[in-house]
Amino acid sequence: MADETFDEMSTTESVAERIASEALIVDVDGFEGPLDLLLTLSRTQKVDLRKISVLELARQYLAFVEKAKRLRLELAADYLVMAAWLAFLKSRLLLPPDPTEEGPSGEELAAHLAFQLERLQAMRDAAAKLMARDQLGKDFFARGIPENVERVKKVTYTATLLDLMQGYARIRTKDEFRPYVMDRDAIFTMEQALERMRGLIGFAGTWTDIISYLPDDFTSEPGRRRSATASTFAASLELAKQGMVDIRQSETFAPIELRRKKDN
Amino acid sequence: MSEESVTQEESLFEAPPIAEQERMCEAILFATAEPVTVKEIEARMPHGCDAAEALVHLRKRYEGRGVSVEKVGDAWAMRTAPDLGFLMQKETVEIRKLSRAAIETLAIIAYHQPVTRAEIEEIRGVSVSRGTVDQLLEMEWIRFGRRKMTPGRPVTFVVTQGFLDHFGLENARDLPGLKELRSAGLLDNRPPPGAMPQLGEGDEDAAEATEEGQSELFED
Amino acid sequence: MSEESVTQEESLFEAPPIAEQERMCEAILFATAEPVTVKEIEARMPHGCDAAEALVHLRKRYEGRGVSVEKVGDAWAMRTAPDLGFLMQKETVEIRKLSRAAIETLAIIAYHQPVTRAEIEEIRGVSVSRGTVDQLLEMEWIRFGRRKMTPGRPVTFVVTQGFLDHFGLENARDLPGLKELRSAGLLDNRPPPGAMPQLGEGDEDAAEATEEGQSELFED
C-alpha cells in the first residue's frame, strides 16, 4: 500500500512540486508532533472534521513521511511511530475484517483518531477565544492607586497556671541552689544611702558630720563601716548637687559636715 | 470582665444598615487592586454584616458606570469598563507573550481541569515542556490541584483566581464555548481503543481521572 | 493638510454625551496611578469633551458613598471615604506564650502581693526590666497597689481581677499548690542576710506587707 502511494507521488513529481514538498518537510519543525501534522493535513480535505476520511488522511501522512525519507530528512521517532500505526490502520480499513483477529476494529481506531483531531482543533479554537477576551491590564484595569491594607498585628499573650506555678517554683528553688554569687551583706549601696539620707535630711538644720548618718548596724564592723561611709559620702555629694544640702570640710581629713539648705 | 463586655457589645450594637454596609464594601473593593474574598471583606467589616448581600447591591449600583463591580471566583473586584480601555493607554501593561504551546496548555487546563500532565500530552499529542508549565505557574494563572487517586497519584493542574481575574471570568464555568464543547463530547475522556500510540506515560491514569474531574467541576 | 483633516474630524464627530464623559472620567480616575489634572484627563478623552464639567457631575454622584471624588491641588483623584479608614486595617491576632521573665514576675506578684519592684528583684535575683512590668500592666494582669510606707514610698504591684479570671481563681489565696510548695520548703522567704537594710520608720509597714501578706495567703 505504502509503495503504491509512493509510486503515485514519484511519477507525478515535478521540480516545482519537489521544491514545494521540501518546503513542507523542512517546515516539519513547525509542526508540534504527528497529531499537529495530521490536523494540518486533514484541512486539505476541506470537510468537517467529523466527516473526515481517515483513510485518505493516512495516505497523505504516509506519503509525507515517504517524501521526507527520500529527501533523507531526519524525522523524529514520533513521526515514524505514527506512520507505522497509520499503515496498520490503513490495512485494517482496507482489508475485510478477520474474525480471528482480536482488538478493536479499523473503524473504531479511525473514529478515535478523528476524535483526537477534533478535540485538538476544539482546544485550539477555545484557546483563541480565550485570548480574544478582554484582558486585565489591556482592556480593563484595576485600581491605579491601591491603598495598602494595614496589617494590625494584635498579640495576645497567654500563660497557664502551671506556667505560673513552675515559674514560681523555679525562682524559689533557684534561691536554694543558685550559682555562687557574692552575698553583698557587707555592702551599703548608694541607693540605700540616698534613701536613708533623704528621710533624715529634713532634720539637719545644723552642720552635722556625715558619719552620724551611717546606719547603726553599719558602724561597728570595719568592712560594713567602710562601705556605708563611702556610699553616704557619695549620697551627700548627690544631695548637694541636687541643691538640697550644703557640704563643708575645714581641712584635709577633717570631718565632712552637711546641713539642709536654708531656703528649703 | 472583658468577655462579658464583648457579649454586651454584640447585643448592644446591631449591624449597620445595608446601605452603610454597601458603602463599606465599596471602600474595601475600591482600595484594593486584587480581588478580595467575601470572607475577607466580612472580616474587616463590623460584626453581623452580610457582605454577600451588600455586594449584590453594589454591583447593581455600578451597572453601566465607568467602573464595574466584578465577581471573580469567590472574590470580588472593581475594574474599569472594558469599553473604556482605549482611555488607558498609559496604564496598559505589556502582557507577556505566550508561546502557542503555552496558550494551548492553558486552555486545556482551563477546560479540562483538574488535569494531569499526561492528559494534556494526550490531547496535544506532544510532550509538555517543563518551561511551559513553569511559565504558567509563574504568571499565577495555573496552580497545582489535588493529586489524582490513580496509580502514581499524579499531580493535577487547575486555573487560579488570577486567571479568572485576568480574563474577566466570574467562574471557570463561564469559559467561552464551554457548553458547546461539552455537549459535543469534546471534553470527555475517551480512552483510546486498543493499540493507539501511547503519548505520554501516565495514560491509564488519565482515563479515569479526567472524567471524574470534569463532572465535579461543573456540578454546581 | 493635517490641520484641515483635524477640523473636519471635529465637525464630523461630536463630543460624547456628558453622561458618557462622566463614565470616562470615572474610569480614568480609578485606574491612574496618581491624581490627574483636568488637562490630562481631557487629553485622554475624545475631542470636544469637557472634563471639568463631567468631574463636577461625578463628584456629585459619589457624595455620601464609600468613595469620594476629590480635588488635590489642581488635580483630581478618587479616595475612600475618610470615615471608613478603619476598614483598611486587617487585624490579626497572634497568641504568644508569655516570656519566662514575665511569668516569674507575675508569679512573684501573685504570691507576694502587694510587692515592690525592689522586692521582686530580690526574689528573682535579677533586675526586672521595665518592659516586663509594662507588659503585665498592659495585659491588665497586674496593677499598682498602694504605696509602701517606707522611704521613697515605692509603689507596689498587685494582681487584678482579670488575672484571677484568666487563671480561674477566685482569690490570689486560692493559688493552687501553695501549701505543697511551702511544705516542700520552696516558699521559705528568708531574705538573704543584709540585703534588706533596716530602714527606720517605714520598716514595720514593709514587714507587715510582705510577711503578713504571705501568712495571710497561707492561712486557709
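A, B and C label the chains in the order they appear, each numbered from 1.
Basically, a residue touches a chain if its C-beta (ideal position, glycine included) is under 8 Å from a C-beta of that chain, and two chains touch if they have at least 3 such contacts.
In UniProt terms the chains read A = Segregation and condensation protein A; B, C = Segregation and condensation protein B.
It should be emphasised that the depicted structure is a prediction, and the values quoted were computed from it without experimental measurement.
Student: Work out per-chain C-alpha centres and flag the one nearest the whole-protein C-alpha centre.
Tutor: A
Student: Going by average Cα coordinates, which chain is farthest removed from chain A?
Tutor: Measuring from the centre of chain A, the most distant chain centre belongs to C.
Student: Just how far, in Å, is the C-alpha centre of chain C from the one of chain A?
Tutor: Computed value for the inter-centroid distance: 28 Å.
Student: Hey, how far is the Cα centre of chain B from the one of chain C, in Å?
Tutor: It comes to 36 Å between the two C-alpha centres.
Student: Rounded to the nearest whole Å, what is the centre-to-centre distance of chain A and chain B, using the mean of the C-alpha atoms as each centre?
Tutor: The answer is 21 Å.
Student: Residues touching two or more other chains, restricted to chain C: which are they?
Tutor: Answer for chain C, listing residues that touch two or more other chains: 27, 30-33, 80, 88-90.
Student: In chain A, what residues contact two or more other chains?
Tutor: 141-144, 147, 149
Student: Per the contact definition, I'd like the list of chain B residues that touch chain C in the complex.
Tutor: Chain B residues touching chain C: 1-2, 22-28, 30-31, 43-45, 64-67, 78, 80-81, 84, 87-91.
Student: Report the residues of chain A in contact with chain B in the complex, numbered from low to high.
Tutor: Its residues touching chain B are 32-36, 78, 81-82, 85, 88, 103-104, 108-109, 112-113, 115-116, 118-120, 122-127, 129-131, 133-144, 146-147, 149.
Student: In the complex of these two chains, what residues of chain B are touching chain A?
Tutor: 30-34, 44, 77-82, 85, 88, 91-93, 95, 100-101, 103-104, 106-108, 110-111, 123-126, 165-169, 175-177, 181, 184, 186, 190, 192-197, 199
Student: Touching residues of chain A toward chain C in the complex: what are they?
Tutor: 141-145, 147-161, 163-165, 167-176, 178, 181, 183-188, 192, 195-196, 198-199, 215-218
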